[in-house]
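Below, each structure is written out as structure tokens.
Two complexes are shown next, each including subunit A; its partner changes from subunit B in the first to subunit C in the second.
Entry: the complex of A and B
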């Protein structure tokens, strides 16, 4: 609870006390339905199913389960385990989101009808992820999907891309890129608007080429935006669940499994609350570590 | 002259690339839309082929009145969660945000940072205990329970967004009102909130979209077939012996229309809410 001290302006004590009611509804909700469950999950992650405290034993066990990390994958291909899949997802998705978002924002600023194109691309952002999963499943379907049919023109055997171990994860990553790029595009577009015209005018007078302007002026000036895009994208990919659940259920044979889905499986299919808590806590720690730089920046802004 | 020619061709190329990208982005949506208005026989030949083209609303009727998972019911259920699940957290978070912006007390900044840090939590982090808590409260499989969880979950970012907005408002008006003897609540309700309506709109639109689109929390807390929300019903529209793409596509589009309409009407506020992360 906040300690309400004296306030500038010499308010009466009664009024200062009343201020606690500004905070109560929000704090009670957060305490009961966010903070308490979080602490409880951390606690569960250190306990055996019998309720004994076991330090990091759960972590050592769960994080070496084949559904989390499967080193045999490096010899025989998918599945590599949910953790490795998440890492692959981030390694592929993150740089492409940053680049595509920036390129789209820069191109569409100068193109006639750019606003219309932005609205089309933005559709992915307002699509519920469950629907996104269905759309991807349809897009990649071997018999009715347009992508396998298109690829068959180039001699690629027509098959359901989400149903084969070697393509399922990559198909989902491609789909997530399609759904998420609008986020970085919108943020970069807003960032571009904050760069004053005279900066560009000076560069044009100096005879700088468009590529030089992009890399020497636009990109450095947009660095704060890039920071936010990277953090938010990382967090989004880390928690990815809906589209995997709907499009592949982590399959075939765990080839597109991810941590968030595995956590759900542990908790609500295998009823192993402790294993689920380990995965969830692991996700939380990664999420917090990744967001620290952004929080620093947010805090820096205040002073 | 040559320079000008180069520039025109570059502008032309830029337009080609831009519209090509737009097309690529549109194709998956176009696919579901086409599948939703065509009979299955035409979909199986490829939705992009138009040798025969018989547009029909049958799939929409089928999804709307689906025997196992009628989308009509799901839409009503989702509204029952999403509307209070938007109003409640926006109110609770706005009030607290004003407190964080204007009242000073010991530990204020620390408490604020803790709340902001809650934004990064994955929902998986509360899933297991949440089910147990709701079970104890008798609120499993109830909209009230789900609504309360969505409210709590939405508070950190709404609070963050609203506090930044309140902090940027000119404090002079509030100080003048205080000199005239107005109470904190009066100042907040009669002076500050009317000025903050655009921010209230932004946070409401985003929160509504999130609650409407949510799948994970609903999956954990709601399980009676009659109570399933719209997002939970869409995957159930898959046929039994073969995938009924037409009905699946129509159901998907029905569920999408609500966020699309909200976006179309409130685009400005939606974008402002999203961009709230970068510009202050």
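Entry: the complex of A and C
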């Protein structure tokens, strides 16, 4: 039973008040700039533009629009709709980022000058995404782009990869790898530093091959890092906007459109805050559904 | 005692600062999307205003696409990033209705402008903006030296036009007959509007703007299917290339023709080498003025209105001397124009001056139009899908 004048945790009332005093400003700011906008966005998504409550009517309408899901794409080719494009982005980008980051971190760990090479690779990460998007536009340009020029050496006709519906999304995904893989490489590099050398030395003495060491020691011990990389990459891909906006504006014909860009179109072209709120809420729910279990699993690992 | 002295001192300081001579100087901010050579040509206009009025003017660059995002939020907060802002006419008209734009009625005399120039920023008998110079989108530009070297001539009929494209296409070193400029998509929309005005007519352009005719209507569809798509399928148009780069490549001889607005005259090394022709049978040419407005939240409403009035009148005369701009202010003399712009002005003779279709419709439809045309350019076989999407976006 708590003694009079102390809180259940054993702290004095004064200490508790002091904590509340220091906690309060952050709480007020969070409430004003995070909690209130989130609640208001969710509330907006259930309203008509006239302010009437419409249950899930907005959701049914928006999520069935061809800009979001276009089933005709499965017969005709791109576009498939922003939601499908986001899924494709996740399916392609996520495993590649994880694998490339891990491979680069492992290879460059013991290479002479590895730190310099890592710094060069990291330049992609520190490049502002808008600048990255502009660079991508020129990188894939049929006349001056590096990739079409390289492909032409193998007899592939030069063409602007971001200008054609069948290649635009893949070109952006490829470009985004350059911009985001450094993030996973850096995290894995930091993770590798935490694995004690004696673990590897023991494995070598036991005669383990480098591949067995990679898959049976490095990868399992980096599991918490992998969890963070997967979650952060997933969230980054889910909200991908700037590269697409600058490089293709979601085109041609919506072939590289993504949910965040569609949300922007609803909000600032249609001035339809309710439609934009539907997409925002949808993105938030998906982000929560994926990130909460991942962080819980990570916490379990730690404990 | 000290406290009293401090209070007296502060009161005196405030009083002194409130005197007209000591108060901070008024400084107006103007926003437009012009940068590089376009900005260089615009700065003398602002300098002339400063000289005439003694009011400082600061210039900031924002693209209209970015302003479309920025301004609604600022207006909701009852603020604005500048005192005079160049923006799409439809945007000005929309926000004037919500009380975010200063009333300019009485500051400009409508009779001093070309007919209809102020209409897009009018609501009833109220005027909510100023009109600046216009850009003409006259047709296909070519280098006279290129045409002379290869024995090419300006086409007078559609058959001659397709023959010209075919001839250019066969010239060694040419990648395609026509360079297709691409920004966010607008240069392609300019080309398409020119085809619609030429082969469906100005009335159809107006009907499309007013949403009185469908994009899938046979008249409209035939412009796409019988004129534009065959050229695209024949490969006469290049795939979309970033428009400033396309201009360089065309000027460098990799393409024979380039469709662009009249501002191209200010972008090339030798404007005297420029020639331009409209599509044969052309009945209407897009003449797209720029519009500006003073937000209701400016600190200096009277000065902002004065600047806006200056830009719409005397400013235009200064601007046209730099080339690439056609005045909407009727009092600007022809002698103010460079020679190449007089050639552009001659193309307007006998045809209807049309508003820019996508700028007039605006909203979500505009980027959809640009985007669908980018698709059409690389996949002309999907023309029906393009027209269906454009109509769906109108609905």
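Here, the second predicted complex is superposed on the first by the 273 of 303 C-alpha atoms of A that agree within 3 Å, B and C clash if a C-alpha of one lies under 4 Å from a C-alpha of the other, contacts with A are read in each partner's own complex, and residues count from 1 in each chain.
What we mean here is this: a contact is a pair of C-beta atoms (placed from the backbone, for glycine too) under 8 Å apart; a residue touches a chain by one contact, two chains touch by 3 or more.
Note that this is a predicted model, so its numbers are computed, not measured.
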For this session: Please tell me, clash or fit, for subunit B and subunit C sharing subunit A in the overlay.
Result: clash
Exercise. In the superposed arrangement, does A:26 touch subunit B (first), subunit C (second), both or neither?
Worked result: first
For this session: Report for A:268: first if it touches subunit B alone, second if subunit C alone, otherwise both or neither.
Result: both
Exercise. So, A:56: does it touch subunit B (first), subunit C (second), both, or neither?
Worked result: neither
Exercise. Touching A:215, do we find subunit B (first), subunit C (second), both, or neither?
Worked result: neither
Problem set entry | Which of subunit B and subunit C A:191 touches, first, second, both or neither | first
Problem set entry | subunit B versus subunit C as contact partner of A:163, first or second or both or neither | second
For this session: Give one of first, second, both or neither to describe whether A:255 is in contact with subunit B, with subunit C, with both, or with none.
Result: second
Problem set entry | Which superposed partner A:283 touches (first subunit B, second subunit C, both, neither) | first
Exercise. Looking at the overlay, does A:144 come into contact with subunit B only (first), subunit C only (second), both, or neither?
Worked result: both
Exercise. Of subunit B and subunit C, which one touches more residues of subunit A?
Worked result: B
For this session: State which residues of subunit A lie in both footprints, the one left by subunit B and the one left by subunit C.
Result: 138, 141, 143-144, 264, 268
Problem set entry | subunit A-touching residues of subunit C, taken from the complex the two chains share | 68-69, 72, 175, 182, 184-185, 239-242, 245, 249, 254, 363-364, 366-367, 370-372, 374-379, 382, 385-386, 389
Seminar exercise, completed: Within their complex, subunit A touches subunit C through residues 76, 137-138, 141-144, 159-160, 163-165, 249-255, 264-266, 268-271
For this session: Mind listing the subunit A positions that touch subunit B in their complex?
Result: 2-5, 7-9, 15, 18-19, 22-23, 25-27, 29-30, 32-38, 40-41, 44, 104, 107-108, 110-114, 116-117, 120-124, 126-131, 133-136, 138-139, 141, 143-146, 149, 178, 183, 186-187, 190-191, 194, 210, 224-225, 228, 232, 235, 238-239, 241-242, 245-246, 260, 263-264, 267-268, 273, 276-277, 279-281, 283-284, 287-288, 290-291, 295, 298-299, 301
Problem set entry | Touching residues (chain side subunit B, partner subunit A) in the complex | 10-11, 14-15, 17-19, 21-22, 25-29, 31-32, 35, 43-44, 46-48, 89, 91-93, 95-96, 98-99, 103-108, 111, 113, 115-118, 120-131, 133, 148-149, 151-153, 155-156, 159, 175, 178, 183-185, 188, 209, 212-213, 215-216, 219-220, 231-232, 234-235, 243, 245, 248-249, 252, 255-256, 259-260, 262-263, 271, 274-275, 277-280
